[in-house]
Each structure stands twice: as structure tokens, then as C-alpha cells.
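Heads up, there are several structures right after this.
Both complexes shown next keep chain A, but they swap its partner, so chain B is in the first and chain C is in the second.
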Partner chain A sequence: MAGAVDFANIAQQFVKFYYEQFDTNRGNLGALYRHQSMLTFEGTPAQGADAILEKLQSLPFTSVQHRTDTLDAQPSSEEGGILVLVTGALLVEGSERPMSFTQTFQLRPEAGTFYVFNDVFRLVYPAA
Partner chain B sequence: MSPLPQSLPATDPTQNPPLSEVAAALAPYIHTRAETLRIRRLLSAHLAASLTHEESTDGETPITHLTLGAPPSTLVVKRTPKELQGGGDARVRAAYLSALQSHAVAKKRYQALRDEIEELRQSQVVDSASRDVNRGDGAAEEYIQLVKLRRRVERTKVVDKAVERVCDARLVEGGAGGIGKRRTGVRETDREGDVVMDGGISRSAEGRGRGGRGRGGRGRGGGINTERLQREVLKHVGDGARPPSMRNITPDRQSSLVELQVTGWLNSKASSNDDRGVSSLITFLERHATKRSALFRQRGGKAATGSRIKRSRVEGDTLHIFVLQQEYESYSRLNNFVFAGKSITVTCENPPRSRSPHNSGTSPEPANEVQQLIQDLLSRRFDYSSKLLSLNALGTDEQLQEIGMFKTPETQSKFFLATMKVCSAQFQTAEEKRETIQSVSLADNNLPNLSIVTSLAQTFPDLKNLDLSGNKIENTSALGAWRHKFRHLEQLLLNNNPIEKLQPGWEVEVMKWFPKLRLLNGIQVRTDAQLAQMDQSKAIPLVQAPDFRDEGGIVQNLLLKFFTAFDSDRPALANMYYDNDCSFSLNVNTHALRDKDAQEMLKQSWDPYIRISRNLKHLNNPKVRTNRKITGPEEITKTWAQIPATRHPALTSEFHKWVIECASQPGVPDPTGTYPQGVTGFMVTVHGEYEEPIPSRQDRTMRRSFDRTFVLGPGGPLKVRILSDILTVRAYGGSAAFRLGLPVAAPIIAPVVAPAAMTPVTEQDLMVLELAKITGLTLEVAKQCLETSNWNLHTAMGTFETHKATLPPTAFA
Partner chain C sequence: MAGAVDFANIAQQFVKFYYEQFDTNRGNLGALYRHQSMLTFEGTPAQGADAILEKLQSLPFTSVQHRTDTLDAQPSSEEGGILVLVTGALLVEGSERPMSFTQTFQLRPEAGTFYVFNDVFRLVYPAA
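After this line comes the complex of A and B, so read on.
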């Protein structure tokens, strides 16, 4: 499997970029998805860059801060895809307690760059 | 020392020719029974000669080689045996023996000293029985003793001083004698220690009646009576012995007295009284000082105890008053007050250093003068009953104007910061602060923005009501510094600010900033119901049922087997679902939130995991990164062996503890090579928990939470393999986040099978898996085969063999 690709670094850069954008300007995240991309946010699926962006924009908070605690990645597909598992905590506007989340990304290469093919987000510990 | 068996029986195998060499080598050490007994007797005699019990040997255990297995503590070496007085080795042995003797002596002394200490400690524990002392900790006890002694010394000093002053005062007034008796009284009090000290406080409280307040005898003839003097003394003892507060262990300057001089009262309207108006002057001073210091003393509903003048004396036209150091400021502020028609002067020859018990020594303190000014301001501007601190119209405050506090924005800003600091210093806990000051008014301060007052948000983050009306705020960006601050703000007033005209719609924005805001400029902007609903939606944004897109039960079947096998037989599992294309890695999230109700809060040891943890966020060495991605069943088995034993809850009966999501994933490797672009597999994310034994406590387990992502593709003996397996382990966080999602129906796009809908794993399922494994049939066909064979695996195998040739290729996985 595409051993030449430094998937770990790519995953790291991707995760940094993704959460920075998410916390500052969610609208920029649209560029990371394609029409075949799939987001499953807390069990709610959305397919295609437009639908995903709409879903992300319509989340019931205007500002959010992510903190990533762990990040691991493995190569996952014939054409050099990368599986990324992130866990961490987020703090939404108006709440004082952080919530634990995990997010799994499936990155696929496309013309020298990567896009998000699968994105599964889940809160695993609620704000009590 | 125990003798060897004298000889071995002839039938013993050791006597047989093959071992005769051994027997020969051992011969010098093998003795006859009689010889052995003789050796034993000699040994005993030798020991008895060399050793003795420390005291008389009467009734002691006789010294023999048998009793020396566990020698009694009284045993001592009597003499150094003669045979050890030679040279070489013998000298070393002799030295060792004498060292042993010294050791025994030292040990005995140590024991004696310990006993003595223990005895002393016991008696001290009895002594301090009235205090709630943790007796378990010897060091703490010793420290407490030390502190007590220090306090006693301080107290003695206070008493000494008090006695001196009392005597002086009485002597000035013409009294005499009684000193000897007083001294006796003092000594007794001191000797009796804490219990009496506490009694001293209560007695001094009694003494707070008119008669006992240090000026009581005045005007009634100054005869000295021992009892009153004793009371006088006890009062001071009481002051000195007041238990120090937690943050102020040493009885320091707080309890010492400060002398102030009051003049200008001589010809007041009260001067025609018997005592030239001194007692009414004292009452006057006390009353006003109490008001000055009452601001924060009243908190907690307690009535002010009052700022008492501890002692006083008149010298010519000067009244000398003695007040507690912490009351000094209250009294010094009475300078220039008008008493009975005369303006009085209050001065102090030796003013105490600035008092700010809550500030740390290093932080810069506002200048003494300013601090007094601020405290004065606060006492004037705080209303206890409404919990309101009115810092409105500060620019028109005469006292502040006098010192030029509002000349420049810099001084204003500094002044406000200092005010906040002094405010904070009044409270020991955030809770106290929150309870005492709930409202702040900054109205009419000509504020164009918050730059001067921004520190209010840090000082009173939990404020409920805030008045900014009558300022010069033009738009919401001028308020930006407090955006998302004051999370509990319920009411905000911005009336009479230009913003009302200059920025239409400002209310909507401001509302967003403060989540608990109900009233804005007196208009209700949120109802209770809305607030309640907001709380809920903010807490859990849209928790929903999982999205699970399986095909033909492939993922479901794998998962049903996977976690049971992970708990019971990891090597088998690794060989079943992983081959040399498959990778596993694990990481630990040590920062994850924990379930606060769970007992697991206490103990989180990650040692076994950390060794193999591959958290790319922290792991930068490329070599380690590569090494910790484990590939192939053999390596995976080895790694799994390092992971502590696990017990996952059953997927079927305890499905509420799990969330499993599954999506199809194209491009996974095809082991047959038919599709170089890959085939469609699955990506599965699992969130759940497991139990793990606690190493130090047998039969106890702790729970952990985990997140695990698999990529499944075709291949391997079961036709499914796990190409990627990433596991994150974290502290137990409960399953509340999953449970809350259950009542919400999942929106259906594709066939959705939630874990809840998973059929329980049955014997039949296992048979299907088994048959599929043996025959290579698809699960579907294997199931049909078993159905026609009446769920008999053996028969089904026969059926398969019979029809094997006629089966279409699609019947095989």
C-alpha cells in the first residue's frame, strides 16, 4: 500500500487545518469535500459537499472550539487513502463544559491533494 | 547448623555406585548419630557460654542452638570468643561481632527513646484533646505542637503588654497595688493552656458590657479590684488567643493594638458632662468607625460586631485610644468629623503598614492612601441588602476628584483596576463574592467603551445585573471586550447610550453574547421556557441514533464475534481477521473527560498502553511512528498480548453501551487482484466501554471507554478481513451521550440497522459462520444449506458435498 506517502504527516496537517477552519470559519470546510463525500454527524448523514456544508453551517451553535487530544492514522486504500481517528473535546458557545468527541476521517487522494471521503463525527461524552 | 543425616540407608539410590563419588565428597560432613549429638551438645555449650540474656536469666528461654532460630530481643553477646582473637579472618569476625553488639545497644537506646516519645505524645494528645487534631500523622502533630507553643509565646507577650498598660492606666488614674495578684492570675491562665484561653474569649465577651470595656471604671471612682483587672487581662488574653484564621497562622499584627490620638473635643457641647464628654466621645467614635468598616462585615447576614475601642486614656486635651490594627482605618477616617459641635482631629503617631491580608506579598499594592480612599468609596457605595455596588458617576465623586483620579484615562483605568483589586480582596472565595455582589452599576460614567472598566468581567464573572446606562457607548464593538463574558448575566441596562440610535438591531447581537440574559433595557428578551430549552439544546446538540449501513450482515457478524474473541482469545482473533496487509495501532487519550459519578475517577494508570500508544499529535519520531503501526497477525498478536485483559459488554443485551456506525468504503484492496482499483468495503466506527482488571486489586475491575475504527475488506479465512484497526482508549466517560440519542428516530436514507436491532447471536448464527468458514459458501447460502439440513451441521456438510458440483459460483463468497 502506498508506502511512499507520508500519511502520518498528511493526517496531522489535515487535522490541524480542519479544526482551525471549523473553529474560525466553518464555511471554508466546503472545499474539503466532494460530491461523493459523506458526513455522518451524530448519526445524521449528509452526502455531497453542498449538503455537508449546509449541515455544518446549521449546527446549533455559532462558535465552537475544538481541542484534539489524540490523532492516529493508517493508510487504508489501494489508491493511497488515509484513515484518521481523532479524539478530543469541544466547547460550544454558551456552554461551560467541554464535551468529548471522536471523529473519523477517510481521506482520499485527488490530483496531488486529499479530500474527505468519509467523515463520522460523534460526541462520546455529554456536557453534564 | 542443623546436622546432616548421619548416614544414608544402604537401599538409598545415592549409595549406588553411580553416585559413590558424591558420597565420598560428602563423607567429612556425614556423622554417626552419636557424633551428631555430641556436636549439638558442644554447640549448645558454646552458645550458652558466649551469649547471655540482658537481665537475669531467670525464667528466660534457655540458650540453645534450637532457640536461637528466633533469638529473643534480650539476648546479648557476652564476650568475644577466644578463638576469634587471632588474626586474618578471625579479626574480621571479631569486628563484626563487636559491631553487632554496638548495634544491639543502639537499637535498645532507640527503642527506649521511642517509648519515651510515644509517652510524651500520648500525654500531649490528651492535652490537646479539646482540639480536633488528626492524631495519625506524627509530623503534623509535632508541627501543631510547635504552632501552639508559638501561639502561647505570643499570647504571653500580649498578656504581659496588657498587664503593663492596664497597670499604667490605673496608676495614672490614681489607683495602686494589686500587681502581684494580677501577675499570679496571668500565670495561671497561661499554664492552664488552650481550654482556659477559649474560656477567656467567652469571658471577655461577657465583659463587653459597659463595665468591662476598658473605660468602665471611669467616673465611678477608680478603686482597683482584682476581679475586674483579671477580667481586663482576660479580655486581652482573649484577643490574643482568638484562633487564627486558616490563611493567617501566626497571631500577627492583626491582633495587636494601634494607638490614635483624638484632639479638638475639649470644648464641645458634651464637655459639661461628668467626664468632660469623654464617654460620649468614645461612643461617637465607635459608632462612626463601625459604620466605616461595616461594608463587608455584614455579609452573610451577621450583624456587625462593631469597631470597639479597646482601651483609652486622657492626657491633657488628648484622648488616646487603642484599637485593633484592622480597625485602624475606620478610626483614622474620623479625622475632621464634627463631635458635639466641634471638629475633632484624629492622628496617629505610628500608623500601621497598609493592611491587605488577601493580597500576596509580591503583587504590587495600591498606595496606602489610594487604598483607603477606595475602601472608603466601597463602603459608601455598597448596599448590602440589594447586593448592589454602585460605581456610577464616579467622575462627580468629590473625594475622588480631590486626588485627581479622573484627570486622565490612564489614572481612571488604574483607579478602576485598583478598585477591583480591593473588592476582590474582601472575599475569600468566589462563592462569597458571587453571593455578596450580584449587581454593579457603572451608569453615568461617560464611558465610550470598556477599556477602563474591562476588569469588571474578571472580578465579577458571575454578575447577574449590570447597569451601563448613561454612558457614551456607540456600538456593539465598543462592548466587544465583554462579549461572551458574564455567563450568568440576567439583566443589562444600556439606556441613554448613543448605541440605541446609532446601531439598529444592537439588541439582537447583545442578546447572543449573554446566554442567560432575560431583561435588556427593562424589556424581556427571553422567557424562562426559552432559557430552559436553550440549556438543553446547548448541552447535547442533536444526539442521534447511529448510521449503520451494513450489507448482508457482514459487519454485524464480524462485530458479534470480534469483541467476544478480543476478550477471550486474541491470538485466534488476530489470525481470523488479520493478514499481512492489515494494520493495528492504539493510542491513549489521557485528557478525555471522565464520568464523574463513576468510581473510576480515582485511579487511571495507563502504563501498559502508553508503551504502545501511537498518538501522532505527540509522537514525532518517524521511526517510532512506523514501529507503532503494527502489521500482520503475528505482530498484532504480540502487541495485543501487552494490552490488559478486557471484558466488553455484550452487544446484544447491553447495546445501550455501544454506538456503532458503518459506511461503505470503496477502493479497499482486493486480495484476488481481480480489481486493481480495489473493491467496496466498510468503514466501521465503534464507541463503547470495557472492564479491565485492576492490577493491584485482585477481582476488582475498572471501566474504560474506547473508540475504535475498522476498515473492512474481502480476504482472509472468513472472507472478511480488518485492513485497518485504530483504537483509542480513554478514561471511562459513561454512555450517557449514546443513551440520550436513543429516543430520537434516525432519519432513514438507506437501510439502517441500529445495534439495537441486531438479532441476538444464536447457535444457528455460529453454525452458519462455521459452515461458511469450512465450505467457503456465502453466509446466505450456508444458511439455506443448514435450513434444508434441519440445522444439523454434519448433515449440512453432507448436503454441501452432494450439491457442491452443481452450485453456481455466486454461492461462494
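After this line comes the complex of A and C, so read on.
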């Protein structure tokens, strides 16, 4: 199943790249979105690469580290889209305590690469 | 924006229905999947309504309650697909302690209704 290997590999490479960029040079993330892309960050929506980058740049922390704990991927469309679900932890400067998060992406193929069509981020608080 | 109201409403109705069925009559969930549907449950994949229902029925708890804490939805395709991200808590019989979970669905329209094309479920453990 070459296709199966591919979408899983692409998802892993994307997630690694995404959080590396997020944690070292957030301004680079704009290149991953298009005008039709959507972000919902903690319930706040943004549409289009410019608005999304503005939202990501405006987040109230300048230094942050993402840790990926789980990553699942599935084909999401006949055109080669990929659905990704990540869970992990976020360590923000000045805080000793990592916060759990979940993030889902839909990646869409474009000219030999992929861009982010859907992006939803949520912090996850302990259930008890 | 009638379309915007619609996808958010459909996502809410779907999630309410899905967890009600899950918690009261799990066998009904098979009707929400098709042969091309995919489930990844805690990293274990299943494809097709029959295999997915078998997986859901085989989960090692007979009594379970889902609580939905957050629900975000975005259009996922030009054909009317909807991406849904849920976070919440799971209370399993015999356990005092709720567990956090996250689940993402892609719903696809079909003859005036929707079915689940993608379904990924993960428990989320405290990050610290």
C-alpha cells in the first residue's frame, strides 16, 4: 500500500515542519495557508493566509514549544487530501506547566506539495 | 451567511446524536458510516461500516457517558463536507475519574443527510 505509506509520511513530515516553524519562526507559517484556508483557534475563526498569520503572530506568547504525543492521519478526499489529528503538550515561556492541546488539519495537495485548508486548535483541560 | 449557520448547526446536531447513540445504543452507529468510511481509534484503524461498528461494539466498556466540552466546525470541501473537532470527557462505568478525549470527524453529504467519512478518536492525558 504505497498510498497508505505516503499519506502517513506526509502527515508526519508536515506536523514536524509545522511545529518547528511555529516554535522558531512563526512568520513562516503564512506560506502554508491559502486565501481559502480556515483557522479556528480556541473558538476564534480566521480565514485566508493573511488573517491566519496575523492571528498566529498575535498570540500572547513569544516563546513556545510544542510536543507531539500522538499523530493520526487518514485520506480525506479523492483528490489526495489528508486529515491529521494531533495531541500533545504546549510549553509556554514563563510557565512551568505544560498544557495539553489537540489540533486537526486537513491538508490539500497543490502542485506537488500540500497546503493547510482546515486548521482547528483547542487546549484540553483535565477532565476531572 | 445561511451556509455558515448550516454547517455549524449540522455539526452540533450530528455530535449530539452521535454521543447519545454511543451512550445508549452503540449498535445504531453503524448507520452513520459507509463502506469507504475510516475510523482510527486510539491508533487502531478500521475501514467500512461493518468493521467500524465491530470495533465500536468491541470496546471494553458496556456503559459509557460522553460529555462535550468544545465543538468546532469548518466546511471541508466544495461538495458540502464538514470538519468537526470535539473535545470532552468520557466517564466509563466503574471508574470515578473522567478521561479527556478529542475526536475529529469529516461528515459528507449524501441524499439530504450526512455520513461519517473520517473519524479519529484519542484519549488525552494530562500533559504534566
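Criterion: the second predicted complex is superposed on the first by the 120 of 128 C-alpha atoms of A that agree within 3 Å, B and C clash if a C-alpha of one lies under 4 Å from a C-alpha of the other, contacts with A are read in each partner's own complex, and residues count from 1 in each chain.
Keep this in mind: a residue touches a chain if its C-beta (ideal position, glycine included) is under 8 Å from a C-beta of that chain, and two chains touch if they have at least 3 such contacts.
In this text, all values refer to a predicted model and were calculated from it rather than measured experimentally.
By the document's definition of touching, both partners, chain B and chain C, reach A:T104.
Of the two partner chains placed by the overlay, chain B and chain C both lie in contact with A:R122. In the superposed three-chain model, the partner touching more residues of chain A is B, compared with the other of chain B and chain C. When both complexes are overlaid on chain A, the residue A:L59 reaches chain B alone and has no touch with chain C.
Once the two complexes are overlaid on the shared chain, A:T68 sits against chain B while remaining clear of chain C.
When the shared chain is aligned, chain B comes close enough to touch A:A8, but chain C does not.
Judged by the touch definition given at the top, the superposed model places A:E93 against chain B, while chain C stays out of reach.
Touched by chain B in one complex and by chain C in the other are residues 38, 40, 43, 45, 67, 69-70, 72, 74-77, 81, 83, 85, 87-89, 98-100, 102, 104, 106, 117-118, 120, 122, 124-128 of chain A.
Contact residues on chain B toward chain A in their complex (touch as defined above): 484, 487, 512, 515, 534, 537-547, 581, 583, 585-593, 595-596, 614-617, 622, 625, 629, 659, 661, 663, 665-670, 676-678, 683, 685, 687, 705, 707, 709, 711, 723-724, 726, 728, 730, 733-734, 736-738, 740-741, 746-747, 749. The residues of chain A lying in touch with chain B in their complex are 1, 8, 11-12, 38, 40-45, 47, 59-62, 67-79, 81, 83, 85, 87-89, 92-96, 98-100, 102, 104, 106, 108, 117-118, 120, 122-128. Those residues of chain C whose C-beta lies close enough to touch chain A in the complex are 38, 40, 43, 45, 67, 69-70, 72, 74-77, 81, 83, 85, 87-90, 97-100, 102, 104, 106, 117-118, 120, 122, 124-128.
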